[in-house]
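In the two assemblies presented below, chain A is common to both, partnered first by chain B and then by chain C.
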Partner chain A sequence: MMIKVMKETPLIVAEDKCHDPYLRCAFYGAAQTVMGVSGSCTLAHSPQGCYLLAERAFEWQNEDYTKTEILCTKLCEDEIVFGGENILTRTILDASSLKNPIMFVLSACGPEIVGDNISAVCENVSDKVHFRLLPIECAGFRGTQYDGIDIALDSILKNFALDKSKKRINSVCIIAPHANANPTWMADLTWVKNVLFEIGVDVITTLTHRTSLNEIADISAAEKSIVLSHDAGQKAATYLAKEFDVEQICHNVPLPIGLTNTRRWLTELGKTFNARHVVENLIPKGENMVVDQCRRKWIELYSISRLSTAIVADATVGIPLVRFITEDLELIPELVYLRSSKNVAGAIIENELQQLDLKPKVVYHTDVYQTRKSLVEIEPNIVIGSNIEKHAIEGLNTHYIFQLISPIQRFRMINREYFGYTGILNLLESIQNEVWDKYRSKETRYKARW
Partner chain B sequence: MKSGTSIGQKKQDTKLGGKMRQIAIYGKGGIGKSTVSSNLCMALRKRGLRVMQVGCDPKRDSTRILTGGRLIPTVLETYRENLRKGRDEYAITLREIVYEGSNGVYCVESGGPEPGIGCAGRGVLTAIRILRNLGAFKTYNLDVVIYDVLGDVVCGGFAQPIRQGFAKEIYLLCSGAFMSIYAANNIAKGIRRLTQRGNTGLGGVICNSAGDQELETRVLTDFASRLGTKLIQFIPRSPVIQVCEVENKTVLEHSPDSIEAKAFQELAKNILNNDAPIIPNPIENLVELESMYRNHIMNRTNKTN
Partner chain C sequence: MKNERVVFHGTLKQLFGKVERGDMIPKLQASHAPPCKFWTAFMVINGIRHTVPVIHGPTGCTYSVASAYKLRGCEYRGTPLEPTTCTSLEETNIIYGGEGKLLQAIKEADRKYHPDLIAVLSCCCSGIIGDDVETIARKSEADINAKVIAIRSEGFGGDFRSGFEDAFKAIIDLMEPPTKKMEKTINILGARIGPTYTEWVDDLDEIRRLVYAIGGKINAIIAGGCTVQQIRKAREVELNASWCYDWGQKIGQLIEEKFGVPYSNTGQPYGLKATEEWIMGVAQPLGLKNKAEQVIHNETRKVMDDVNCMRQALSGKTAIIEITEFPGPIRALSLARMAEEFGAYPIIVNIHPYTIKERMPSIKFLLEQGQNPEIILTKGLFSLGTFRSSRDTEEELESIASNYDNAIYLGNPERYPNIPVVNLTTRTGYPHYGYRGIKNMANLFRSAIKHSSRSRSKLYKRVLYG
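So, the complex of A and B:
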């Protein structure tokens, strides 16, 4: 049958730019967060593709597979048409023999679109199972993985944090250590815990990494909170401050990456916990160790001095890197591309750039497409980023790519921190290796590996 | 065979030279789509064509007056029952989901989830896909398939009969009430979006009168011409149609000699003769639509004075 067009109809032109996101969805962020609760069971109320995200989240938290369970309702078309509440009920009841103390029920996009009420299902079956149930509505379309972390932290705090009127002196809770693109972020958390131990501060709760339900219940007993991310966790800190009078500290300074940032961060800790004398010992000890190591190991970074540099990273690592590469490595930041766009992070970086008198191009919530476009336009000499940028600079006149941000194409057997003084050495080591790699052709590098 | 009973698979020659017409009726909720569709099916059947009505609505009441008031089992209900028994969609047979209504009109109801849960749009798509996979249209050698689609184009799911290329001609049903024209215009926007991608088009506008024949004819003729199409048929408002609804019969069976029956016969003839569906040009601006409607109201008022 012929179709006649009576009048000229306007063409539908897609005005949206191409999007190629760095970040995964809110479901993944929520899964990362709940996997950090020790011995938990996570039930993905989702099709099986999202289950894979839950598995990736499990890997990110480096959880104990003998104690952690991941289940999935494996939704198919039938559940989209008729709703998936029945299959969710069945799955929870089938899992009733599990010994886990808590089951987190995470809903993905499909069931939320068709209106599955996971809260009602959890409430209905709660007396038939011996573990606690916490439904978390974290469909991927609710935002990025950082939004998912905030959603999950919010649910966890509202349901498990108990109001302890008595505060423990010199105590702290650590928030969102896992919202950090250091591929081995657990080392950063360990460094922070060690420092707190040295200055006599007790870590009551970590939200979340190997955290027990009892620790979460005790969180309100903490005097202070520290958010270990510029990308997520701020909402949880604000909630704790408002509900339980847990004061947030170190929130206006970049995280401790590089000499100055570490010094500032430690100084603020010392001031808060009245431990200046301890911190005043830690700082020179750490700084001398870095200088001594650099002298002994003949670090050769003079060849990259004063080269134009692009930082493409999450805000957690990217913001402190600006000062680190400017002051410690004498590089010139020309592009700062951050994967997220939180207001707090924006204020910190603007303050940093003002203090350093730098005017690089700063882009928040960047994606791969935007990054590549800017890299083509500016062609910086150095890019500090991930394996994604390694491919993005193909064909450009960019001399070096330093892979520091997840995902990296480097095998790490041991967790390496970026925070603190050993963190500086870890960063320098990675950068030095990448510089040397530059003098080996692709072919040689390939042969050397295989 | 009695109304509302399941039928076997038969083969007959088609009357439209092998070309099956697939028609979708869209319009505002409560405008009379099911009534018009059922009567249209009956009128087409009376012309000797093999006709199927597919109700695309979880309420499953589209084919009610063709089946003597019986609510037939739906495709999704049957599908679900099979799933419960551990079978898949291929275990369904046409016998279970296609019912012969009065005068041999084939009736299918897609069905859907319970209110407040699941995705009805996806359900309609699944039901239509099952029909297609079972080869229903070829098996019954149909001349015309009429999709009676739920209410407005409420989401992408309800556009599936068009999107999947099942419905080739779309008819907008509206009365002279402003909101029904507004809804029809919105549906036309959806049709424009979908027709640009496939071999589908708007067949025309059908008026199911709310009582003001003169105004409705003028407004809807104007509206149809702005869309780039024409007013295909005027169905008068009549107690006869309401009586037929209550008696669970089509007008052509209950009052075959009535003006209303003639209107449906005329509608069937006009649709069969209409071979030029178009890509519509809906009115983009609500103010323009209001102004068009206001002009017709004012003209009538002036004439009356």
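So, the complex of A and C:
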């Protein structure tokens, strides 16, 4: 594991061999991505364990099980010794009665090491089935789930994006909304789409969430692209720029979490699409709504102002949180532990820390051990993280754990955005509930008489 | 029901015979996928305290089992967060081998976490490239404090049963020769703490209560939250008993063969008879028969109202049992026995032939015990895709239920045949085992009978079946 610690000192690089990871593998990331294609069927060319990863990916995309299928070739020792191409052929043909428009064939570690040629199999059977077939080599050893998202996006674009010479005025495509550790990230996507609608911009394609194959085919007609993640999707944006002249926007600023980040992000949109007047209206309206709401409901800073804080998150949520908690909540970030190690994320956060005059300990590609060790060393008053950190702070003098990052062991029926103005209120609500829950009486001091 | 929807209608013995001959294996490769060997091996190891699994593979396998079992254990089984580590195998390691990395990872795990035990689990990658995990495990022990075991648990290497069995075998190797005898003491075998959601600690708690009530003691619940020290001393007990004989049987018999510690071969304690058998199976070899008889007498008296309720609910009825997916196939068979005990004629619906195949030794044991319920398998069970299968079997179940005048359904609220529905999926129904189980299940039966004419949630039905 490459751990880059940024402080005043130069980067420290440590080589660990024993990891307790936060992230799943490339196979999972690819599965997350293909599940976002409407009505798709995913065939895991793998043993049965990987099928369970595909099921988790299905949940992450909030897919509808009446419309989406997940199948598995259930590879055993025989297929590893003699190859699994026959069983893959058979499984695809077995599924020929399905009505899905597309089947993604994802290969896992086993078949890739033994050299199963999934592309050849798909080509051979393509005329015997009515759905389209897209093989994607995304074995777990190819990297993290973020790498898997990039691999799948690459395959999807190279196979389905058509070169449309005519650009649609004021249009965008949105990339990697699902590489976001807000457990209900779909709300962030919805917020972005609503904002784009208000400033008169068409979203041609979302890569991927409830995306049809036609939308993917049309992607080159987009004028601009927006990557909604600091963890994945950059490669797809670069590809689109190079192949189809789709210019990437908003890529050097943190995503819109908190007042300043939202203002900056909206301003850039306004500039790009010549819609300054709309944005100049949206920003004060949104900010006033937040202020009004906080004045009426009250914003709880009494308990948290100037407390030392650790952020343990993906880069997508973690980076913008730095400014939000510093500027809007008066917290002091002491640790910023990010799950990914993308260069683009590094540049953005470095810039942010400089601007905010902060010097927290920053670690990329953290694992649970690194996190726990630093939490033990520093014992921050507050940890913003996930269910994992909730358990990792056991025994420490950490007062609050704000669970904002997936995995969170809470069922959320309503999607709640972190982006934008309502996003600020959603974050405040979670934080304030945790603050009040923390000091609930655990026992009663005397018994009531009734 | 129309005959064309029935794929099999006969006894458990007949189905077992067909599966044994390979007649019932579905043609669709993609139907029915339980976890792979790696997942199940991890489940067992996860139940030993202060153990660090070092998974020799990529991060996907690692985070997935940690998220499914470790975190669930933290949330619902009161276990602290302990590490689940891996070597994060990458493409370079696949080409050049990962043994060196594994050796370093084991040493690092010892240094970082100070565990009692390090369990090396191989994955598909390390299995195929031929990394010798056993040798590396042995080699590493010279330089570290923890004991190291290795389990060849490549996902493709066997069915999910083999993961359990190989992990239990590795645990047996940790057992040291006895230096004394722990009198009136047993081990409970076959448990896994914080693993699949078909298992609940409430059942373990009931067993523990009964063992102590008859004057017995428990050394270890293997591997349901036991320590390495308890495993080391496991051969000093007088007897082994199983928590779930499906998983306990194999390890019990192995310990008996290898070390001569007797094993009480009894079924799951569902209902009065099976509970009595379970208690006496432990009490007699320990010389606690009299105390046990007294406990049985007292406990039975306390639940007589509940027993009568169950008799009333089941007597003369056809009990249609459909819990093979959840809470599990062996529980379905135990429930069938209980239903019979209380006067019903049990029919188990849709127990997947794969399930039978994966549990051959346990099913064989049940047949030898005289359990041979009627089984119906329908076409929907073999449909491709979760939704199709769920929708088809729902219709088929309704059709089956309509064939019987006086039937009761023992299953889950995803079904609503036009007969009383006993919801066996609620947490409030646990433990199912022992006398507390009788009390809990009687409450479920009471509610099912009392509210049998109430209509189904239209919302839920639309959610489930569109």
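Quick note on the criterion: the second predicted complex is superposed on the first by the 423 of 450 C-alpha atoms of A that agree within 3 Å, B and C clash if a C-alpha of one lies under 4 Å from a C-alpha of the other, contacts with A are read in each partner's own complex, and residues count from 1 in each chain.
Note that in this section a contact is a pair of C-beta atoms (placed from the backbone, for glycine too) under 8 Å apart; a residue touches a chain by one contact, two chains touch by 3 or more.
Just so it is clear, the model here is predicted, and its values are computed rather than measured.
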First (chain B), second (chain C), both or neither touched by A:Lys242: neither
Chain B versus chain C as contact partner of A:Val114, first or second or both or neither: both
Which of chain B and chain C A:Ile80 touches, first, second, both or neither: both
First (chain B), second (chain C), both or neither touched by A:Pro47: second
Comparison of chain B and chain C by chain A residues contacted: C
First (chain B), second (chain C), both or neither touched by A:Arg296: neither
First, second, both or neither for A:Gly143, with chain B first and chain C second: second
Touching partner for A:Leu23 - first (chain B), second (chain C), both, neither: second
First, second, both or neither for A:Leu71, with chain B first and chain C second: second
On chain A, positions contacted by chain B and by chain C: 1, 77, 80, 113-114
Chain B residues within the chain A interface of the complex: 76, 79-80, 83, 112-114, 116-120, 122-123, 126, 168-169, 192-193, 195-196, 199-201, 228-229, 275-279, 281
Residue ranges of chain A in contact with chain B within the complex: 1-7, 9, 12, 77-78, 80-83, 85, 113-116
Chain C-facing residues of chain A, complex: 1, 16-28, 43, 46-53, 56, 65-66, 69-77, 79-80, 87, 90-91, 94-95, 97-98, 108-110, 113-114, 139-145, 368-369, 387-388, 391-392, 394, 407, 409
Residues of chain C touching chain A in the complex: 27-30, 33-39, 54, 57-64, 66-68, 71, 74-75, 80-81, 83-91, 93-94, 101-102, 104-106, 108-109, 112-113, 123-125, 127-129, 154-158, 160, 384-387, 466
